[in-house]
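After the structure tokens below, expect a handful of questions from me.
First chain written, first letter: the chains are A, B, C and D, and each begins at residue 1.
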């Protein structure tokens, strides 16, 4: 039987000997190191490390032993590699959802899509084609608070580890986001921080930019200000109407989202303030 | 003796028969068409055309004949292709200036650099190596108005067709810009409209973006809001310090500026409001 | 009722007055020109033009009138814009097929997928989810000739305008290709002409390239030598295993194929020898 | 006084405990680790590591202590960071040379250009503008052997650590290359392995590719087959003549070369067979 693979993520104040001591713990346990990456953010003197290894361990024991070497204010995470459980939120556009459903069906998403929740009914039939539950939670006639409560109620049934906003066109309240700290991934249809807010392609058209893009990011309480995971761009020119930009942008959006999810679901993304450190 | 090459640029309200009538004028004159491009901006129903041709003509006559077919509110430009006369403005950074001086020396700029004007002395020696005049016009102790007057006085001696801001780090007043309508080209060290203003790389670092860029644009009276000619980007990641971004950004900036100048100097750029139409 | 849109494609020896005369025909018919593009290949003195226009016409009459102005050796095509009828050929990999099926379902492909034909059974169920016919035509125990005859027989039932090879991993004989001249579009999983033939990602890995790519092209009788429509690349580095390249390459492949089909199905691609002219 | 910075490069068969033991040596010496990167090439089970640190050391002692932990067949390199001494070889084209000379003058090359050697006289004056020696070593009337002997004689006067071929259009013999193992950097004007050999832009034009590129690589005894350091591409289309490709390609070439040299001169490039591992 194949032995389990673990990912160890460390985030702590930098000091001498960290790599030596941490790698020592793994060495003494006789574990098979698959990959090892470190980074020191010199501006705030902070050390980050990601190690993946294979072997049988007592998780608590390993964490405790590593913690013994680390200074105050350290974070240690040790996760066993397996597909994440996720719920996808959508509105009407299918391109990002389609990307996820196709990858999911062929086991290329590294996640289990437990359900899709939409504030419109349009994508229900499409989702069902893939044998996935679709919940239509309409927002008409509801306050944002009421609608979010209804959405949360549906999500709660599945207890997902991550929410993926696959062109979900509603702004989430801080209260909603607080339920899933650093666990909501969004795709924004612009090259952030350019064109924050609504109708970014219209904005891009009006401004006459020569490149458009998309940004996959972790959602926090500041709209479009969360830590960026992946950005992806394509050239445009004066012949592009707003609709041409929207059409071309779809390809950029879905690929950016898919790459970001790949990184997140392989535990390669660490959040440092409003930025990400990506050990790829 | 080789016959002269002309570029005809037309910008007018769209209507039927424009291409037929305009091409008819050139056909009857027996001119040799090198290239022909049209574009209709459907949002404001405006027709743009660029035709390059070879042959001997009476410029005024050709313009008059074409004007005869065009509606009210039309613009017709007919220029003979030859290197443009330019003055370059700089501050302390050499990478964009160096790019221009090397291309100029090997006749790859399609322009005559008449002089370089700097508000600091640092780049004087470097400019002189290439046999080009350098004018140091210090701004210390002067109001912006006084300094601009001094700069204008130097520029006036050369009567350039274009000014190129090759990392000139002073903001130009609307009055200054009015002297050179659509004839000042700037390189901004960000992917506009992201990170308008000072220290864009510091802003990019703080925001944690995964792509940085540069924007070559025509200067008008709104800071960093002029029509964009070329944008150019490169990927970055969490390991990039601000200085790493600055260093990598230099390559992106100078290539974006050089490409933009190539387009402008070959009369391939038409301004339409705050946007460009580029017939390349 | 909305008037039909036509695309006129001309390919002829260059001579003076072509644009004037051709645009004159359309002007006199009072047609509404949507877009107009010309190109002269100076190396072989050949003129290419694509005009799209809206209006009611007698197709034969328009073609005859235009032909009247053109020299010997001219090609004139006039097609009414509507979705193309296509059959898709696959083997086992789903990513390109999935891209096409999702776009098709949401009317973003500009084509009707009449059927999918596979030499393996794996993608049958997936295709059926989208309500599309899947024909499994196994090649085991058959000569290439026999297998192609069986495939042709299935295709013939649908009478498609184009065949799309969406990772169809069999080499087609010249006889097969002759049935669909310039009407078979293939996606090759390398940046052609690098890594022609089998296992291009393995070849790329062994060579240690820093960029990998995909090439969508028209199939002719020379393997991997047909006219290129779209190429698309992504950076890789030493950390990429062959499988990592295959995984990343899938995104590049499917987007390249989808862009190529968009161009072909909008009649924007003209073949000139083993090259394409793309009026986009 | 600032303490020296060192780079430690290790290349050895993979085994457990390597990171722990190597980092232990540096920890016990109290050195200040600036950056640390490891990579295991699983296909041949080989471990690579680059560590940069600051501090006073006895080089031999550190190497000996680290070697004590390493298996047979290990390579340990420890270099003090300082600008490399280089000689540049050119023919007639100035764009790569200009890039190097400008960076050099402003101390952005991380290298001392000791001299430029050309088989043509054209770039002599240009090189002298930057205060650098130029040696014209003509090849006319000489065998390749004789010419290389003459070039080697000139180079020997400067005892450079690296040779940079900045569009040097002569093929070097294996005997010449043997004098500088893994110490000659070349820029090839194609996206290798596409278009090996002469006139790659002509080949690219004939093939009708939609992307062109350049490849900076280490020279070994197989023409255009050396380990690739950097590749860089730009899109082209059917409107590009061969000369347009050459012109656009120059920008791609010089930036690819400059980036490759930055990596090499900061000791970030390790050669593994005919591939590079780049710790950036």
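Brief remarks on what is shown
In the analysis below, a residue touches a chain if its C-beta (ideal position, glycine included) is under 8 Å from a C-beta of that chain, and two chains touch if they have at least 3 such contacts.
Note that the structure is a prediction, hence the values are computed from the model and not measured.
Summarising the inter-chain layout, the chain whose CA centre lies farthest from the centre of chain D is C.
Just to note, of A-D and A-B, the chains joined by more C-beta pairs in contact are A-B.
Chain B has its Cα centroid 41 Å from the Cα centroid of chain A.
Mean C-alpha positions place chain A and chain D at a centre distance of 37 Å. Across the assembly, chain D contributes residues 239 that each touch 2 or more other chains.
Contacts between chains leave no pair untouched here, as each chain touches all the others. Interface of chain A with chain D (complex): residues 16-17, 19-20, 23-24, 26-27, 30, 32-38, 40, 235. Those residues of chain C lying in contact with chain A across their complex are 94-95, 98-99, 102, 105-106, 108, 126, 129-130, 239, 247, 251, 255, 258-259, 280.
Chain C makes touch with chain D in their complex at residues 39, 41-43, 191-195, 207-211, 213, 227-231, 233, 237-239, 241, 272, 274-278.
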